[in-house]
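Okay, structure first, notes after.
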């Protein structure tokens, strides 16, 4: 390493960390934001809204536990509706974190260092929200543990042929691995927090969580290896999780579900929505906590590029679906596509094309990619679009399948909306808690990006 | 920088991880055992009955066969609980003044049935049929235990699905000739498995079907 | 450190630098000087130190591979056992051993076991949790997670000599040199100046 | 028939001891009484455990806990102790746990329908047809099966009411006796008795002796849907009081003149069966009957037709005249034609070429002259005596119902009625509106209403006496062909109720029990030397020997025809009984309310049925609230487009808008009786319809009418079939074994399967109700049906065929679980709650189900039903007595579906195994199969090549629905055939079958 020629960051279009930052200033800024008792005013206002949504969430969960899934609008042809739409939507959002942490790490995308912590936390919370839906959507929620293969007095096991069991394994594995990834990444920062904390109880809590991390070179060596291995493992995992989620549909025989394109198309969609959600959350966080030094416009630019790329894949997926429906020669498939486009839920399809297919095209322009306000709006549109995509897949496929006699409409109830909005409240609330107690940017990884004599930081490979 | 933690934390921190694993394991073990325990299954827990009826006395002492009182055991799903009338066939003659038997007489007088507490109680979604079991050589004793030695009736089997499956997967382990179903002194032959397999064939028991869900659940 | 060998009076000597390149240079010199039982403490990983300190390459990946293979075998054969041996059921006319449908769970368990291996292996091999450690006695050691870089030569090193080693460290031009006391020598809550 | 249980008396005493009006209107209070709980525990020991008092009402924990305790042993709640209650003295014939069947008869409109009632430990749980009974031949219609629910209906009247206040039978008798004695002195001049149509020989006997003692008393009969027109028509033509009876099993050409012979009315089940015998097509040169229907409002009979001519009800007469003129009925000339002349020509030709093998039937609502015309044609065509038989009326004393009621109303208006006994019926609700029967009742000093429910009429009478359900009492009745059945009770009255026999005997006789009365009547009739064995035999068989009416020979009079003047223009209004709740008497029957109505598939409401063109003219859409004004009265109800409805005709089904039906039937729909007057009992001209601007959500179970070009109901004409018998198999690609990724499972024992003959199915819904009763299927209510959550395990899909929206052809298709060998539902269930057994059943283990609904999503037939909420009523105690104990009652969150009646299969398998034999073909009869009037459903072992089902599956017409998705269903269909008249090809297109790859 030492023999590498010294390069300065000036050659880069824009450094990934503002040149005015030092090791000390980075630590003080990020750790200080957590330890400070001050919370940005805008955050307090949104927190109030979020808390109200959290209350709605509690009510909505209570209602479905008490009375059953009948409080929702689901019916006989449409056995799954909002709950599975939301599940897939949240799982998709939960893909950004691990992707940023793992895949970008393997691809030596250094810019990830500024956003991976936040994205990982977002992943965890999104997957938690996602996991709620399958758990709540069963009719007898108190028996959900029957989906786990454990020895019981019935002598019964689960049915490993069911994609729902694959889901159980995929989502719990994903949650566990994401948690471990996030936690392992946090250990050095927890030690930093421990060492910055003023109050004894803070020191104790961060101290316990840091497990006595002392920054030993021996430890760092194994740590880096472990982190790399986790990244290597998480990469196929992240691809598998949404593939498995897509199997929920692809394995069935319902036209509109039964499609071999689903796994890649779902994974791309997941990344797409995940990045959209990261942008949605990062932009206000960056502003309220004044993190422009770490999350630079270049970061936003890159994220927007990833969104554009995945958005194009997703759009390609929509076109493929059209082609498949035509080329299959099956009257059921053809009708399904016709029904999506011109049926009673036509608006959801067209809106989805607008949100996911048309809107991201503006990201071709750098001016748009670096316009924070515009990017924020686009990310919201993509979030909505990705929700609509799942709605279209779940509901419009089910509501008119093989026998026209069974066709029916799905009409959401207040509880459908409550639970959906409630989980958003739950999610944002968790994000707030996270922001207040944990460093939302990885301190040590940002430091890693600062050059020093003897080491250059080559971010030239950082191109989305 | 000062040490944040007391030196003992060195041990405690590691021990706590171990302890956590142990506690989780322990809870698992408790659950496993609890669901199989008498507390949950009522195995060997006699229930309070309106009359302390002794099967031991009536079966061993008096030599009354099961079918005398449980009349429909060979005919119907339900083995049958004897009507008060059956009790009174004898007890109008003997022990006519016994205080213990007053509820029986009262029942006969007032035409109000006796209310027994069910000892062998399957959940309502499990459809057990006595007649097919006894007609295919599954003795009373196999499930109900040595009733002839029970002063008070109690369960000897957990009546859990896994327990049912044990026999439904391999009836040859327990099957005996139909003539022996009421015999509490029956001694299975040394080669029970081979003998049992023969009986299974003889009685045309379709073993592979016995673990079909529809056999017990409708 | 062997249980039977006598424990040195102190844990070691610690030098503090204000820049990573100084630590790196110091570590390289210490290694050349023959020190082996030493450690560096940095606020972020410095891959260069692995060679500079002569740290043995970890075998974590092999361990993770073993875990992964275990997960895979457990996953597949558990499913096989459940569906074919323990409770064979005709489910939708699919064969009992419909192995293609077992791939997802097998895969997930492979990953899960591997990831556990990677994390537990790292934590375990690093000797964590270790909330109490002699280096925490060092006065300015909290800066090791901020912007200071520490080099500690431990007393168990055969070349270690309180005076000679201090001299050697001074030659590295650190900002501070501190004696690292054992944890037990003093009441950890009332440690005096060093 | 059942062991006398002392506790009924206790319950009754408790009931009698309570006062106040609310009490008997709400069952909650009753449910709270210790006595009632005790009684139920004893009657139904298995249920006792779930009624623990440890949970308080409406408590979150209770809901959870109750569900948990039902969830089973593995949940974290210990199973509570249960009581087991033996008999004091066991009845000899009863083996606990083995159901028994008793023959009796269900009576509607006076006509008996022989049934066999299944009884579990003294509780009637299921009603099916009596194969020995001529009106049933083993099948039922929806009403007969659903009548079981009335027995257990918690809203049933349970106490005597005097002027709205709770009273007692003793008090009633006390106050009635002096009045009766006073009437005796007046020879009964102020005594009137109003009944429904009576065929009961015993009741007639009682009434005759009463009238002998009170010669000036009068007995009136009224049914809102009666045979007045038929009777008048017969008198017009033959000059005597005869009634026609049809022999469709002998008819090759049938013309229905607005008659729903297979849907409603006496003999419908038998007629459908006879008709279907001519539709069982097999072999290359098979023949099949041909049905023409000249119809106003579409019915299932019209739906079966090979040619259906849509016309106003008033035009049916014109049509009949044209045909009669063409056929040469003396004195008849055609006026104008409601149809193309080729129709009349071809129809006349077809009928003429099938002399003695054709038949014309007329709807009871058509005026007498149409009946006369049709039967004149029947006589001319030589059909009389072969396909039509004329017999004496079944009624002991046939009357003109309308005139009978009018006479009573006149007497009441005059104040000549002092004592009025209304035995059954609900005239305040269903009498013609112009009679103002309810107001007239105020002029009667002492009016008594004996009825099952405390209804609109009860409210207006001074006394209401709760009536015993027919399963609680003895009686008798005669079938459409005269065959008498002695009806025996299966259970002691649940409440202090009386039968009509008992009421009359108490007031005018010796206060004997129904049993004694009925038995003493038949003692006078039986010619048997050994009465007791004759009696036992009659009870056992469910038919009294030698009571069948023999055909009479009749002679046509020289009729001078007077036809109804044709009024053109204006909106024609038709009053029809509701296909599900009839004239309103079944309004409180949840099963029937939730039963999708014939043709419209609407539940829980009545609507204004209009043709699509009329809808367009009125600028209304489905669900738009309209007011229908006629005869000065107005009803408001939603408009509904019905293809096949004639233009400018609005059809209203009566039976809704009840104000005192019970919790189920009160306040739903609109009361069309308010528009129905004596002069316009069946139809009228000049109704006005106005749009209100409101919209109303109608709960329809089927929202889409078209098959979208999919090969669902596959049909061809008979001629096409002869050329290409396996046409149906070629309408979709069926994957071969080689195309499958997996090897097939081998079924080497029994392999249960089913066929449904679409050529026979009329879409009468009998299977749906039979299934609901057999399998403890809950009623979910209108709101849930609206949401698309109805629970019927078997449904009847209705499609329209052809591109004429105004007059399409109809195709019906019963769909239940297909028990696919490659069931798509099973692999997706995460907990293996739905699996296959070794006999090929797709079994659903409810107690294992956690309710993900994935199976339902993945079912291409959408036959799985999900308990979105707690639909099973676990609170109402009386309804629990109705449950079939052999079928698990499903709770919230559990998926359910057709099981092929696995409980019946299990029972048969166990019996066969005990006897060391194989199950015989036909030994297992599923509930739907048993109920089916046309025997369209056949169930059996498809591995047994000699079984009926295997033979039917070998028929070339057999096809699998959605075979192209390779589900390998065990249920298959026999394709539908139509037999159009080639001479009508120009009027109606012929070809049916589309060929796909």
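Worth a mention:
When the chains are written out, they are named A, B, C and D in that same order, and each has its own residue count from 1.
FYI, a contact is a pair of C-beta atoms (placed from the backbone, for glycine too) under 8 Å apart; a residue touches a chain by one contact, two chains touch by 3 or more.
These figures come from a predicted structure and were not determined experimentally.
Of all chains shown, the one whose average CA position lies nearest the global CA mean is D. C-beta contact counts were set side by side for B-D and A-D; A-D has more. Per-chain CA centroids place subunit B at a distance of 46 Å from subunit D.
Subunit B and subunit C have CA centres that are 57 Å apart.
Subunit C and subunit D have Cα centroids separated by 80 Å.
In subunit A, the residues touching two or more other chains are 152-159, 161, 163, 165, 194-195, 207-208, 211-212. The residues of subunit D that reach two or more other chains are 73-74, 824, 827, 829, 832, 835, 837-838, 848, listed in rising order. Contact of a single residue of subunit B with at least two other chains is seen at positions 1, 4-5, 13, 35, 160-161, 165, 213. Those residues of subunit D whose C-beta lies close enough to touch subunit A in the complex are 60, 63-64, 67-68, 71, 73-75, 702-710, 712, 784, 787-790, 795, 797-799, 813, 815, 824, 827-832, 848-854, 856-858, 860-862, 864-870, 891-895, 962, 965. The part of subunit B that touches subunit C in the complex is made up of residues 1-7, 9-10, 13-14, 17, 165, 211, 213.
Chain contact summary for the complex, subunit A toward subunit B: residues 151-156, 194-195, 200, 203-204, 207-208, 211-212. Interface residues of subunit D facing subunit C in the complex, by the touch rule stated above, are 742-745, 820-827, 829, 832, 835-838, 968.
Those residues of subunit D whose C-beta lies close enough to touch subunit B in the complex are 6-7, 42, 46, 49, 70, 72-74, 78-79, 81-90, 95-98, 749, 835, 837-839, 841, 843, 845-848, 886-889, 899, 902-903, 905-906, 910, 913-914, 916.
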